[in-house]
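Below is one structure, written out as C-alpha cells; the observations come after it.
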Amino acid sequence: MAKRLVPLLNRVLVEKIVPPSKTSAGILLPEKTTKLNSGKVIAVGPGARGRDGKLIPVCVKEGDVVLLPEYGGTEVKLADKEYHLFRDDDILGTLHE
Amino acid sequence: MAKRLVPLLNRVLVEKIVPPSKTSAGILLPEKTTKLNSGKVIAVGPGARGRDGKLIPVCVKEGDVVLLPEYGGTEVKLADKEYHLFRDDDILGTLHE
Amino acid sequence: MAKRLVPLLNRVLVEKIVPPSKTSAGILLPEKTTKLNSGKVIAVGPGARGRDGKLIPVCVKEGDVVLLPEYGGTEVKLADKEYHLFRDDDILGTLHE
Amino acid sequence: MAKRLVPLLNRVLVEKIVPPSKTSAGILLPEKTTKLNSGKVIAVGPGARGRDGKLIPVCVKEGDVVLLPEYGGTEVKLADKEYHLFRDDDILGTLHE
Amino acid sequence: MAKRLVPLLNRVLVEKIVPPSKTSAGILLPEKTTKLNSGKVIAVGPGARGRDGKLIPVCVKEGDVVLLPEYGGTEVKLADKEYHLFRDDDILGTLHE
Amino acid sequence: MAKRLVPLLNRVLVEKIVPPSKTSAGILLPEKTTKLNSGKVIAVGPGARGRDGKLIPVCVKEGDVVLLPEYGGTEVKLADKEYHLFRDDDILGTLHE
Amino acid sequence: MAKRLVPLLNRVLVEKIVPPSKTSAGILLPEKTTKLNSGKVIAVGPGARGRDGKLIPVCVKEGDVVLLPEYGGTEVKLADKEYHLFRDDDILGTLHE
C-alpha cells in the first residue's frame, strides 16, 4: 500500500540526510560535524508556471544532494518514511563530494 | 435537490479521503498510519486567468488523488456531503499506488 | 424611485438565496440543510482591466446561481431590497441542479 | 474666487447626494430609505497610467450618478462646497433610474 | 549661495500656498476659507522609469497650481525658503480659477 | 591599504557634505543654515536590472551634488573616511548653484 | 569528506574576511580599522530566473572581494569552515585596492 508522490509545480520531494553519529569504526562523532542540513532529492515537479502559463523547469533534479534552509518545508509521511516538500527556489544549493 | 458545483477559475473541489481505521479483516490500525492528508478531485475550474485574461489550465484533473496542505481550503456542503475547495497551486502533489 | 445598479469593473451584484426553512408541504427543515451560502447573479460589470487597459470578462453571468465566500462582499440596499457586491474572483463556483 | 479642480490620473471628483429627509409633500422619510451612499461625478482625471505610461481611461464620466464605498475618498472643499475625490476603481457602480 | 534643486524621477518640488488671512482691504477671513491645501509647482523631475527604463512623463508642469494630499511630502529648505517634494502620483489635481 | 568601492546595481556611494559652521571670515553661522542634507556622488553602480536583466542606468553621476533623504542609506567606512550608500531612486534631487 | 557547495539561482557563497588585529610587525591595530564587513566570493549560482525563466547572470564573480550588508545571509559550515550565502542583490559593492 506504499504510495508514490509526484510533486506539483516547482515543489521538490526531499529525504533528509541524517548524518552518522559515529564512524563506521564505531567512534562517536562530535556534535558539530553533524550540523549540515542536507537532503537527497526523491522527486521534482514539472516546474512553476511563469506568466502566460509557461513552465519554468525546476533547478534541481532527482538524485541531487541539496543544502536545505533551516526552516520551511512541509513534512510528508509516505509508507512510514518521513519526507519534506520544498519549493525549488527555497533550496540553497547542491552539494558535491 | 442535490446540487452540482462547478468551481470558478483555478479552484479544485476535493473530497477528503478518510483512511480506514481498521483493516477489512477487522484489525484496528494504529493512529499514525492514518496521517496522510489526501483527497480525491471531484471537479476542477477552467483555470486562473493569466495576464491579458488567458486561461492557465489547472494542474490536476478530475479523479486525481492529491496530497493536501494541512491548513487552508474552504469547506462546502453539497447534498449533505462535505467537500473542500482549494486553489490548484495550494495542492502539494498527486498520489499514485 | 427604484434604482438600478450597474456594477463597475469586475464587480458582481448578487441577491443572496435564503433557503426555505420548511418544505412546500410545511415540514420544518433541520438547520444544517440551510447552510449553503449561495446567491443569484443580478448584474455583472464589464470586467477588470488587465495590463494596458484591456477588459477581462467577468467569469459569471446574469442569472447564474453562485457559491459565495463566507466573508467579504459589500452590502447594498436598492429599493428596500438587500444585495451584495462581490469581485468575480471571490466567487467560489456556480451551482447547478 | 471659486476654483475649479481637474483631478489627476484616475481620480474622480464626486459631490455626495444627500437624500431628502422628507418627501416633496412634506412627509418625513424613515431613516433606512436614506442609506444609499451615492454621489454625482463632477470631474474625472485623464486616467491612470498603465505599464509604459499609456493612459487607461477612467470608467465613469462627468454627470454619472455613482455608488460610493462606505470608507475612503479624500474630502476637498472648493468655494465652500464639500466634494470627495475617489480613485475610479474604488467606485462600486453607476446608478440609473 | 542660493541653490537650485532639480528633482529626480517623478518628484515634484512644490511651494505651498499660504492663503491670505485677511483680504486686501484688511478684513480678517474666517478660518474655514483657508483650508485648501494647495501649492505651486516650482520644478518637476524627468519622470519615473517604467519597465525597461523608459521615462513616464510627470503629470504636472512648472507653474501649475496643485491640490496636495494632507499628509506626505518631504520638507526641503532652499535659500531659507521652505518647499515640499511630492511624487507626482500623490498630487490630487490641478486648480484653475 | 586604501580600498576603492564600486557599488553594485543601482547603488550610489555618497560623501555627505558637512556645511561650514562659520564663514571663511570666521563668523559663526546660525544653526538653520546648516539644515540641508546633501552629499557628493563619489561612485555609481551600473544600474538596476529591469525585467529580463537589462540594465536601467543610474539617474545621478559621479560628481553630482545630491539632496539626500533624512533616513536610510548604509554607512560605509573606507580608509577611515565615512561614506553612505543609497539606492538611486531614494535620492531626492540634484543641487545646482 | 569535504563537500563542495554549488549555490542555486542568484545565491553567492562568501567567505568573510577577518581583518588582522595586528600588523605583520606585531603592532595591535585599533578597533575601528577592523570595521569593514567584507568577504571573498567562493562560488556563485547561475543567476535568478527572470520572467519566462530566462537567467539573469549574477553581478559578482568568483574571487571578487565584496562589501556585505550588516545583516542577512545564511551561515553554512562546509568541512569545518564557516561560509555565508547571500542573494547577489544584497551584496553592496566590490572592493578594489
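Just so it is clear, A, B, C, D, E, F and G label the chains in written order, and each chain counts residues from 1 on its own.
We take it that contacts are C-beta pairs under 8 Å (C-beta built on N, C-alpha and C of every residue); 3 or more make two chains touch, one makes a residue touch a chain.
Values in this document were obtained by computation on a predicted structure and should not be read as measured data.
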{"item": "Centre distance in Å when chain A and chain B are each reduced to the mean of their C-alpha atoms", "value": "25"}
{"item": "For chain C paired with chain F, centre-to-centre distance based on mean C-alpha positions, whole Å", "value": "56"}
{"item": "Residues within chain A bordering two or more other chains", "value": "51"}
{"item": "Chain contact topology (line, ring, star, complete or other)", "value": "ring"}
{"item": "Ordered ring members, chain A first, chain G second", "value": "A, G, F, E, D, C, B"}
{"item": "For the chain E and chain D complex, residues of the former touching the latter", "value": "32-33, 35-36, 50-51, 54-57, 59-60, 67, 69-70, 88-89, 91-97"}
{"item": "Interface residues, chain F side, partner chain G - complex", "value": "1-9, 11, 13, 45, 49, 51-53, 74, 76-78, 80, 85"}
